[in-house]
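Next up is a structure, given as structure tokens.
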Amino acid sequence: MEYILHLAIVVTIFSILAMSLNYVAGYTGILSLSHATFYGIGAYATAILTTQHGFSFVPSVMVGMVLAAVIAYLASFPILKLKEDSLVLVSFGFSIIMFNVMLNWTDLTKGPLGIKGIAAPEIFGLSFFSKPLFFALVFLTAIVTYFFFRRITKSPYGIIIKGIRENRTVTAVNGHNVLRYQRSVFTVGAIFAAIAGSFTATFLAFIEPKLFELMPSVLILIMVILGGMASLKGSVLGAFILILLPEVLRFLGLPPSILAEVQQMIYGLVLILVMYLRPQGLLGEYKI
Amino acid sequence: MQILVNGIIVGGIYALMAIGFNLIFSSVRFFHLLYGIVAVLGIYLTRFFLLTFEINFFVSMFLGAAIAALLGMAFWQWLYKPLMDRKASSLVLMVVSFGALIMVQNLIALIWKNNTYSISISETIKEGYHFLGITITFNQLVILLTSLVLVILLELFLNKTKYGMAIRAIGDNAEMTTILGLKTNQIILIVFFIGTFISSIAGTMVALEIGVKPTYGLFLVLKAIIASIIGGIGSMRGAMLGGLLLGVVENIGIYYLGGGWQEVTAFILLTVFLLFLPQGMFNKVQISN
Amino acid sequence: MLLVRDLNLHIGGLKILNDLSFDVQDGSITGLIGPNGAGKSSFYNVLFNLFPASGGSIKLDGIELIGKTPDQISHLGIARTFQDSKLLPQITVLENMLLSSKYLNPVNLRRVFFGGGILSEEFENEKKKARVLLKKVGLEDKEHSLAKNLSYGQSKLIETLRLFMYESKLVLMDEPFSGLFPEMIKVIKGLIRELVASGRTLMFVEHDMKLIAEICDHVIVLDAGSKIAEGTFEHVKTKPEVIEAYLGD
Amino acid sequence: MFKKTTLLALLFSSLFLVGCNLGGGAPAGFDTGDASDEAAAVELPDVIKIGYIGPLTGNAAGYGQDMKAGIELYFSENHTIGDSTVEVIYEDGKCNGQDAANAAQKLINIDKVQVILGGQCSGETLAAAPIAEANKVLLFSSLSSSPDVTTAGDYVFRNYPSDEQVAKTMVDDILAHGYESVAVLTEQSDYAQAYRGAIARHLATAGKESVLDEPFAADNTDFRTLLAKVQESGADVLIVIPQSPVVGAFAVKQAAELGLNIQIYGGDTLPAPDFFDTAKDAAEGVKVVMVAEDPSRSGYSEKAAELPAPQSAAVIPLFGYDAANIVANGIAAVGYDGTALKDYLYSMPTFKGVASDVKFDENGDNNVSAGVKVAKDGEFVFVTE
């Protein structure tokens, strides 16, 4: 059953990622393809600080959050100058650049070799090495994440960011500083991605740049789109479906030689079908 | 100097890719991400004809490109058009296009495996021709010539024929084409055919240089998009210069920054253009604004 | 209230607005008229800094607006509508109304989480206010509909209605009546009277001369970016340059 | 609205229930006490399940498939261990950590395997290692050559030489031939970067330094500008360490086209038909350093002949064959238990495999000698001097 627990943890971590990306993309309309970058920043912060500098888990997470916030804030300047298609492209370019930094800054990240031996979190002397405890920790974080974003989106703040998604000009003319809200949203989204990254680092105990490349960013975005833009519950559902789908395929008895391709083709098919049949996603109302 | 030559040759291929992409983009106004993978399919077909039937290289290339081009038309007719008729946003079309890209890419991988394959004209590797301190290979000469011929043919077609003029008109104004007595959908189908045909030929040129694998679909379309944006979307001449500039900058990047940063230079170039010169070098239409 | 002096807007080589100068009196209803392309909507856009002015000045009660951002200008007490209804299609009617609300302090994450309930109290009040307004025009059952599901007339109505969400001094309306049935025009006329009665100053762009004559106490006529006449409607309609501008259109 | 909430509540609570109840009592990894002493009386389950993790798809699939073919060959010859039938469960690790970790969890928790053959890519092995450690499952990697695997854990073994050894042989050969200036191009992959580090260390030991040392992007096949740099650096020997044969072939091909006539050395990833398909006659004379493949070994040629044509190198599936053989011997000797098997592997006498001799050191590494091969008429042959 530890296998199911393992998957539950992966689903929960990706729920955090999908919810935070939904806040950025679904609520505010910033279709960023760089979410996995911030996820990676959190993972690397925890990996490097705990294995090489004797940090314990919580401070390392905090450093990761701060680092992600700073980088997201800086990156938001070029990225948010653009809209729609060009924003997607530049955020994608940003994630490629950051991926190459992870790959080439070998003194810090060990490059493609990755960092291994990342210890399980220990908070106030309690070790989260055992899977159920670790799951409880991640689960709690996901619940906090959910209520955090729910609170924002149900407040006047939520109305303003949705307004920004719909029409920047009208929102600005109604007295809201569009760019300031967008920056804040982008940065806060990145912070939560970093938290998810810290969990992944301790969970896998080994990280490499490949984990934070383009495909994970796309995968998270597909979760958001499938589940429904501007629906936090939808994001959880999206993560649930897309993480479990390949695992279900493992049991279908497909020859392994075609498994990976079939799985990817299903992702592609899901995207097309959602766009054709339910452009607002399973639980969403907003159509892109 | 050699770096410049390398850049221009790679850039020439990017330019071809960008021209085809531009042609399609200016008539449909969304990012046709399938563009690259259909070209890759064309390359695999070329290789298939080359190996299975042992036909001449150029004949195989044209066969492969023609089949790919028909597929390009099919994608327009059955994938995009129904959504366009529903007035879907360009983002929806881009997402659908991406989904289809993933599917086709993996289909190719299922059929032909994930490995990189090379295509070659001759059975031996010859040392290139040296002159003026630079080296250029036979393959590269073929690439340069093919690109040149294709560009000239396309220019003639766009400027001298009724269809060509209709294609140029459709980007600006759909009514114009009705005046010329042609249905918009027909024109778009032709655009998809020509655009895909060019991309498949350009793709085969890439394969001559650096081989082909399923993931090159995304790689090629990204290069086409970047080159188009640099050059100015909607402008053929812009796409050509954009492609050349991209090729040269990438190679200069490899030379001075090191091979590890190859992808980075392209995207920095893209970002700089989008931020400071969003209309590209030859603006016709500005994207998303 | 509003002083416009030598306002210019040049885009490329085109002179969209050309040395425009006029005043808007406190509590007045000023009509901005002129043929298509005269620069009426462009004036609104320059006022809100959606297009940066090429020169000149716009002062609201002595405060210079040029150089301020749209949100700052809004906070100085100016509200506006758009020519083609700019209700945001994929949020609800209520949310569209609430987007125009102003809160005592800026809405930021600190206030969302640590505001001690003040923000949510304000928010509830705003919601009540919006519901009262919706009820007044009989659209209370549309509260949770997405704006895109409204009819054209209904969205025009909401667009005007949300001007009440904010205690503005100056309201700029852009063709609030265009394309509406007579009954709806009557409703919106009523709303405009209420806006004025509540002490707001109004400016609006309109093509229907009958409505202009009926509502406005002052009219400014633009043609090709320049002011060609100003005064009461009765006064300007006799001016030869005005007649020429409209006939030449 | 209500429905959505209920659905989500169900999803979450089911996750949570699983987390709290079913998962309870999973190994916490603190108690390391119960080393198995029951080796003497071997009792075997009716079906012995053995896991496999390796890249079955993607760029590195050739290695994963070859390894799989070797394992399949062994168990097709030996259906049983004792009276128990053997079932090997193949999972695709896709040459990355995340997938390998998922696969390891599945194999250990669902299939309850005590032994995993794999992973093959170092990334797979390093991500699977902590899971195997925690569950006391033997992780027997054949191909992972990263030096990091040496210290990955007590339950982690490999019969393939570490890059460290191979790189030393390469550097020794280069120095023995009197080359003066070395240029190094390495792909941005775990394997190639580990190799790059090892080369630099061995060059430094010999008091030398490379004149050019650059990584290139993963799967890059356009080397023209990098090769121009090599040419300018005045190097008289070029080391190319790619992740896959074709990538290396393009470097070799483009070097020939550029007229860069210097000796090229490649990693053990080069030997494959793909390499010669692309590099064609330019391949002639290229040297590779790899595990000393010795066709004169007993069983080598016979087994090689029974295998399907290798996608990587002929010796690769034979390492899989040996790995399966060693594990089968272990299970027969001490039973189907990860800890017992681990102890068995550390203490077992030298195993005479078809690919190599195997004797594990205290890190679970095997000392296999490496040799230099040179490309001749479309295949790599050992240099005999």
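As written, the chains take the letters A, B, C and D, and residue 1 is the first residue of each chain.
Please note the rule applied: a contact is a pair of C-beta atoms (placed from the backbone, for glycine too) under 8 Å apart; a residue touches a chain by one contact, two chains touch by 3 or more.
A quick note: this is a predicted structure, and the numbers were derived from the prediction, not measured.
Asker: State the smallest step count from chain C to chain D, taking one step as a move to a touching chain.
Answerer: The fewest touching-chain steps linking chain C to chain D number 2.
Asker: Look at all chain centres (mean of CA atoms) and spot the one farthest from the centre of chain D.
Answerer: C
Asker: Could you see whether A-C or A-D has the larger number of C-beta contact pairs?
Answerer: A-D
Asker: How big is the gap, in whole Å, between where the Cα atoms of chain A centre and where those of chain C centre?
Answerer: Each chain's C-alpha centroid was found; their separation is 41 Å.
Asker: Would you kindly tell me how far, in whole Å, the mean C-alpha position of chain C lies from that of chain B?
Answerer: 48
Asker: Rounded to the nearest whole Å, what is the centre-to-centre distance of chain A and chain B, using the mean of the C-alpha atoms as each centre?
Answerer: Chain A and chain B have C-alpha centres separated by 32 Å.
Asker: What are the residues of chain D that contact at least two other chains?
Answerer: Residues 57-58, 61, 188, 215 of chain D each touch two or more of the other chains.
Asker: Would you give the residues of chain C that are in contact with at least 2 other chains, written as numbers and ranges?
Answerer: none
Asker: What positions in chain B touch 2 or more of the other chains?
Answerer: Those would be 109, 258, 260, 263.
Asker: Pairs of chains that touch, anyone?
Answerer: The list of touching pairs comes to A-B, A-C, A-D, B-D.
Asker: Within the complex, which stretch of chain D touches chain A?
Answerer: These residues of chain D touch chain A: 4-5, 7-8, 11-12, 15-16, 18-20, 22-24, 26-30, 56-58, 61, 65, 90-92, 94, 96-98, 101-102, 105-106, 108-110, 122-123, 126-127, 129-130, 135, 146, 148, 152, 188-190, 192-194, 215, 218.
Asker: Touching chain A in the complex: which residues of chain C?
Answerer: It is residues 48, 50, 69-71, 74-75, 79-80, 82, 86, 88-91, 95, 98-103, 107-109, 112-113, 119-120, 122-123, 126, 146, 166 of chain C that touch chain A.
Asker: With touch defined as at the start, can you tell me which chain B residues reach chain D in the complex?
Answerer: For this pair, the touching residues of chain B are 2-3, 6-7, 10, 109, 113-118, 120, 123-128, 130, 135, 137, 209-211, 213, 215, 251, 254-255, 258-260, 262-263.
Asker: Within their complex, state which residues of chain D touch chain B.
Answerer: Result: residues 57-59, 61-62, 185, 188, 214-217, 219-222, 224-226, 228-229, 244, 246-247, 249-250, 253, 256-259, 274, 277-282 of chain D touch chain B.
Asker: Using the touch definition from the top, list the residues of chain A that touch chain B in their complex.
Answerer: Per the touch definition, chain A meets chain B at residues 31, 78, 81-90, 92-94, 96-97, 100, 103-104, 218, 225, 258, 260-262, 264-265, 267-272, 275-276, 279, 287-288.
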